[in-house]
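First subunit A sits with subunit B, and in the next complex the same chain sits with subunit C.
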Partner chain A sequence: MSAPSTLSERDGRTLRVDELRVGFGGVVALDRISMSATQGEIVGVIGPNGAGKTTLFNVICGFVRADSGVITYDGSSLLEHHHAHDLTELGIARTLQGVGLFAGLSVLENVMIGAQNGLRSDFGSAMLGLWRSSREERRLASRAGELLEELGVSAYARHFPATLPYSIQKRTALARALIAQPSLLLLDEPASGLSNDEMDELGTLIRGLSPRMGVLLVEHHMDLVMAVCDRIVVLNFGQVIADGTPESVQSNPEVATAYLGDEVHDSVTTSGMSENA
Partner chain B sequence: MSLFVNVTLNGLANGMIFAALALALVLIFRATRIVNFAQGAMGMMTTFIASSLLGRGVGYWWAFLAVLVIGFVLGALVERVLIRPLQGKSELNPVIVTIGLLVVLEGLAGTIYGNSSRGFPAAYSQSGLTVGHTKIAFSHFDVFILVAVLVLMTGTLVLFRATSLGLRMRASAFAGEISRLLGVRVGVLLTLGWALAGVAGSLSGLLVAPTSSFGPYFMDLVLVYAFTAAVIGGLESPVGALIGGLITGLSISYVGGYLGSGLQPLGALVLLMVALMARPEGIFARPPARRV
Partner chain C sequence: MTPPVPSGSWPRAPWVRRLRLPTQPLARHLVLALCGAAILYAVTSSLSPYNDFEVGEIALYVIALAGLSLLTGLNGQISLGHGAFMAVGAYSAALLMTHTHLNLLIELVAAIGAAGLLGLVIGIPATRLKGPYLAGMTLLLALALPPIADKWSTTFGGDQGLTTTVPSAPGSINPEEWLAWIQIVGALITLVLLANLLRSRYGRSFRAVRDDEIAASLAGIHVARTKVIAFVISAACAGLAGAFLGLSTGVVNTGEFPLTLSIQLLAAMVLGGTGTLMGMWWGAVLLVYLPQWSTSLSGDFNLGSGASAYLATIIFGVVLIVVMIAAPTGIQGGLRWAWRRVWSLRSGPGDGTPTVSRHPA
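Let's turn to the complex of A and B:
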C-alpha cells in the first residue's frame, strides 16, 4: 500500500515504513505495513488495542526486531542502525506510554538527560570537572529550565517525579523529548490520564510543534487525534486499513467496523466514532 | 576509656577501607545488579602488581598510581570480556562468573607469587600518633587512609552529582532502555562503572595490605566486611557505602577490642543479619523504580 502524504517529501525529512512485518512467535503483530510521516506533518496512528501501534514505535526505536521490510528516516535505514541510542543522532525522539521518567532524578535532571546527544564535552573533561564540562552543564540546565517554563512546570524543577501529579509528569516527559530538538517526535499515548482541559492544552502544544518537526501520534482519544492530525493511519490486526485525512478516516466504514464491529458500524459512520475507542 | 578511644580510632580507619571496597561493590550493583564477588580478589591482584613494581625499584607513589590505572583497566576488561556476553541471560550466570574469577585470581596469585604471607610497605609511618603525652592507636598511615578514601568518595559524588557524565551514569542505572532511547550509550557507561569500581578495589587493596597478612587470600575477609557495609548502606548509594563502612568498621573493632579478635568475622555476619532483618533495603536505598 502506498502512503499518501499531505506534504511534499522534498519539504522535510521523511520517515518511510515499507512492507514492514513483525511477528512474535506465531502471532503477526505487523503484517507488511507501509506508511510515511514527513517533517511538518502530524500523523495519527490509531487502532483498537493490540492493533500494532506501539509495536510500530518499538520497531522504529530498535526495541523490537523486524522480520522483513524497510524503515528509513531521511534516507537512513533505521533497521540497520538498530541501536536505540542512534535515534537521537538521526533527529528522532520518543515519549513512552505512561511517563517513563527516572524516579531518582529531579524533573530538571530528567529533562537534561534528554539532550545528552547534543553535549560537546568529552569523557575526559567530564571526569576532571574541567570548565568546558561545567559550561555544558550550565547550558544544558538553562535549556531544560526554559523548556520547563514553556510547558508551565518550571516550579517543579527540583521535585522528584513520583511526588508530582500525573499531568506534570507527562509534561516533563514531553520536555525531555523536545530538548533533543528532534525533527521527528513519536508520541505514545500522550493524553492518557489527562483531564479535558489538559488535553486541549496538549492539542495546542502539538499543533505548535509543526512545522519544526514531524509528529507521529499514537492515541486513543479520538477528539484529540481528529483535532490535531493532518493525516491518520488506522491499524487493525497489524494491517493498515485506512490512511488519509481525519474526515476520510472518520467516514470509512472499515474503520468503524474495526472499532465497533459489523453490527453497529452503519450507525457510527453517520454519527462519528466513539470518543474513547 | 583509652581502650574505647583506641578501638574507635582503629574502627574508623578500618571502616574507611571497608567503605572503599563497598563503594566498588555499589558502583557495579547500581549499574548492573551484580554483586562482584571477585572485587576483593581483583584488589588483591593489583596489590601484588604493586608489590612487584616496588620490588623492581619503582617509587611508591608511581607504583600506587600505576596500580589505580591497572585497576581501572582490569575492571573495564572484566566487564567487557566476562560480564557483557552474559547480558540477557540468567541473573545467576554473572554471579557464578564473579565467583569463578575470584577462584581463578587467587589461584593465579598463589601460582605466581606463592601462598605465604609477605610484607607490604605503608605510605606513611604506622606507629601511633602522640596527642599530648599519650600515644593513640591512630597513625600517619591511618590519616592517609582517611584522606584517600574521602578523596575517592568526594570524587565519586562530584562525578555523579555535578557532571553530565554522572547524570548519564545515574540514568543508565535507573533505566537502561529508556536511557538508550535518549541517546545515552549505556554500554560504555557500564564499562566505566566497572572500571571505577576497579580503582576503588585497587585502592582498598593498597590500604589493607600494610596492616594485614598480605597474600592471595588477604582480601577475602575484607570483602565480607565490605559487603556487609554495602548492604547496610543500601547497595546503591556511595554515601551509604561510606556510612555502612564506618558502622561495620566500628562494630567489628568494638567486637575485637572487647570480645576478642577471633569473633570479628562472626560479629560482621551478625551485623549483616541484623541489618537485613531490621532494614533490608538499607539506610540509603534509592526510591523504588516505577513501571514504564
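Let's turn to the complex of A and C:
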C-alpha cells in the first residue's frame, strides 16, 4: 500500500506503521492503516475532521493504545514504549494542536525544557547548586537562545507566552520540539491561526528542516501541505485512501470525492484561509 | 513579525546595580543565606529569650512552608496533610531521643528520612489524583495518622507523648537562643538547597508538569516521577519542621498536629506567596504571631477562653481573604509588585518598562 519514498529508506531512520487498528468503544478510529515516513522526507497526513489524523499521532506518542498492528521507529517498536516521555530518547518530537506552551515558564525556559533529557548532571549536584549542574544549565540556555535567534523570536526570550502574539507562541513551541534535535518531527496543525505571510515563512522553515529530519505534518491548510510535502497520506474514516506525491493525490478521483476536491477549490479561491476541513 | 517589545529587566537603583548577586546558584543562594543569617543574628541577640524562641518557631515553619510552596505552588499538587508529615518527623526524632543517645544531626536526618518515606508512599498514588481528589486523600492522611499514635500508646507515649531534649548550649548562650539558631540554620540550609533545585532543570520540570502534563511528557519529562520527587522533597521538609517543633515544645504528642495545623500551613503558604521561597518567612510570621495577637485581642474585648480559641482561626481567615483581594500573589508577590512600582517611578515616566521576567526562587 505504501508508495515508494523519495529517499532510500536505508539512508535514514524510518517510522513504519503497519496494519494499525485503533477503536474507541464501537467506533473504529484507525482501520488497519499502513504508512511510513523516513528521515529527510516530509509526509503530509490529511483528511476530513474525524478521519483519524490526531489519533494516529496519539498512538505514535503512546497517549492512545492500539488494538492491533505495529508501529516501529528505526526498528524499535513504539507500542511497547507506552510512555510519551520515552519518545525524545528515540529522536521523536511532537508539537501539539494549539500551542501547548507552559504558562509559568518564560519563552527561553519553554525551549530549554525540550532538551533537558540530554543533561547529565544528577539530582544531588542540582540540589547542591554545583558548577557541574549550573554550567550545563548555562550551555542549554545559550543553545535555546541560539535556536530562538534562528527562528526570529529571541527578543521575546524572557517574556511569558500568554502575553505574546500567537505566531510567536507557535514558533516557541516549534523551537521546543527542535532543540532536542529530533530525527522525526510530528507537527500537529502548525499553521492554524497564522496569517498567509506567516504560513509562507513556516513552509520555508519546514522545508529547511527536511534534510536533517523526517517531518510528519497534520494540517488543514492545503496550500501549505501541497507546497511543502514530498508525499501525502490521505485518511478518511480511519482508512488510508491515497498515498503519493502531492500531484498524484490531487488528481486521485477517490480523494476528490471524499474530501480534497472541494477543499482544494476552496482553499485556492480563498487564498488558503479555509479552516472548514 | 511584529516588532519586538522591549525586553524589560528589573529596574534597579544605581547602587543595586553595582551590588549584583552572583548568577551561579550555589554562590548566589549562599550570599543570600549569609545576609539572612546576619539579619537574624542581629534580631536574636537583641531580643528576649522568649522572643528568640518565637524566631526559632518562625524558622521551623519556614521549612514546612517552603516544602509546601514547592509542592503546591510549583508542582501544582495540593496537600491538606502536611501536619501529618510534620508529626511523622517529630515522632521519629522523639523516638530516637528516648531510646538512643545519638547526635541531634542523626535524629534530624532520621526525621527527614521517615517523613520522606511516607511522602514516597503517599506521592505515588497521588500522581493519579488531581485537585480536590488529592486534597481529599491528603486530608485523610492528616485525620488518620494521629489515632495511630493513640492506638500504640506504649510506643508513642499516648496523651502524654514523648519528651524531647535539646542538646545543651555551648558556652554562655542561653538555651532559647541556641535552639533558635539550630532551627534558623536548618531553615537557611533548606532554603539554599531548595532554591538551588528550583534553579535547575528539576525546578523547571516541576513547573512544566504543573502547567501542562501532556506537553511536559512530550518534552521528555517523566511526569509521574517528577510529581513523586516533589512530594518526597516536600514531605521531607515537613518532617524536619516537625522534628524542630518537637524540640520547641519539649514534648511530641498528637495534640500538636491537629487537622487545623495542616490547613493553617496551606493558608500561610498562600498568604506568603504561593510558589515563592522568600515569601514563606511572611507566612511563618503570621503562623506564629496571629494566634497571639488574636488572644490579646479577645482579651481586650473580654471574650471567654472558648471564643478566643476560635478567634485565631477567624482572624486567619479574614487576613487570608483581605490579602487575597489586595495581593492575589500573596505578600511576597505584593512586595515584588510594589518594589517594581517604586523603581519604575524613580526612573522616570516612559522608562518604566514592566518587568516580564521572574524567577521562582
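Basically, the second predicted complex is superposed on the first by the 257 of 277 C-alpha atoms of A that agree within 3 Å, B and C clash if a C-alpha of one lies under 4 Å from a C-alpha of the other, contacts with A are read in each partner's own complex, and residues count from 1 in each chain.
Rule of thumb we're sticking to: a residue touches a chain if its C-beta (ideal position, glycine included) is under 8 Å from a C-beta of that chain, and two chains touch if they have at least 3 such contacts.
Owing to the predicted nature of the structure, the values given are computational and were not obtained by experimental measurement.
Under the clash rule set out above, the superposition-derived model of subunit A with subunit B and subunit C contains a clash between the two partners.
By the touch criterion defined above, A:Val27 reaches neither subunit B nor subunit C.
Contacts of A:Ser167 after superposition: subunit C is touched, whereas subunit B is not reached. When both complexes are overlaid on chain A, the residue A:Leu105 reaches subunit B and subunit C alike.
Shared-chain residue A:Gly114: touches subunit B and subunit C both.
By the touch criterion stated above, A:Tyr156 is placed in contact with subunit C alone, subunit B being left untouched. In the superposed model, A:Arg176 lies in contact with both subunit B and subunit C. According to the touch criterion, the shared surface of subunit A, contacted by subunit B in one complex and subunit C in the other, consists of residues 61, 63, 83-85, 87-89, 93-94, 96, 100-105, 109, 112-114, 116-117, 119, 121, 123, 126-127, 129, 133, 137, 140, 160, 176, 180.
By the touch criterion given at the top, residues 1-2, 4-5, 7-9, 24-27, 29, 192-193, 195-197, 199-202, 204-205, 207-208, 210-212, 214-223, 229, 356-357 of subunit C touch subunit A in their complex. Partner subunit A is touched in their complex by these residues of subunit B: 158-159, 162-168, 170-171, 174-175, 177-186, 192, 286-292. Note for the complex: subunit A touches subunit C at residues 61, 63, 83-85, 87-89, 93-94, 96, 100-106, 109, 112-114, 116-117, 119, 121, 123, 126-131, 133-134, 137, 140, 152-153, 155-160, 163, 165, 167-168, 176, 180.
Those residues of subunit A that touch subunit B in the complex are listed here as 61, 63, 83-85, 87-89, 93-94, 96-105, 109, 112-114, 116-117, 119, 121, 123, 126-127, 129, 133, 136-137, 140, 160-162, 176, 180.
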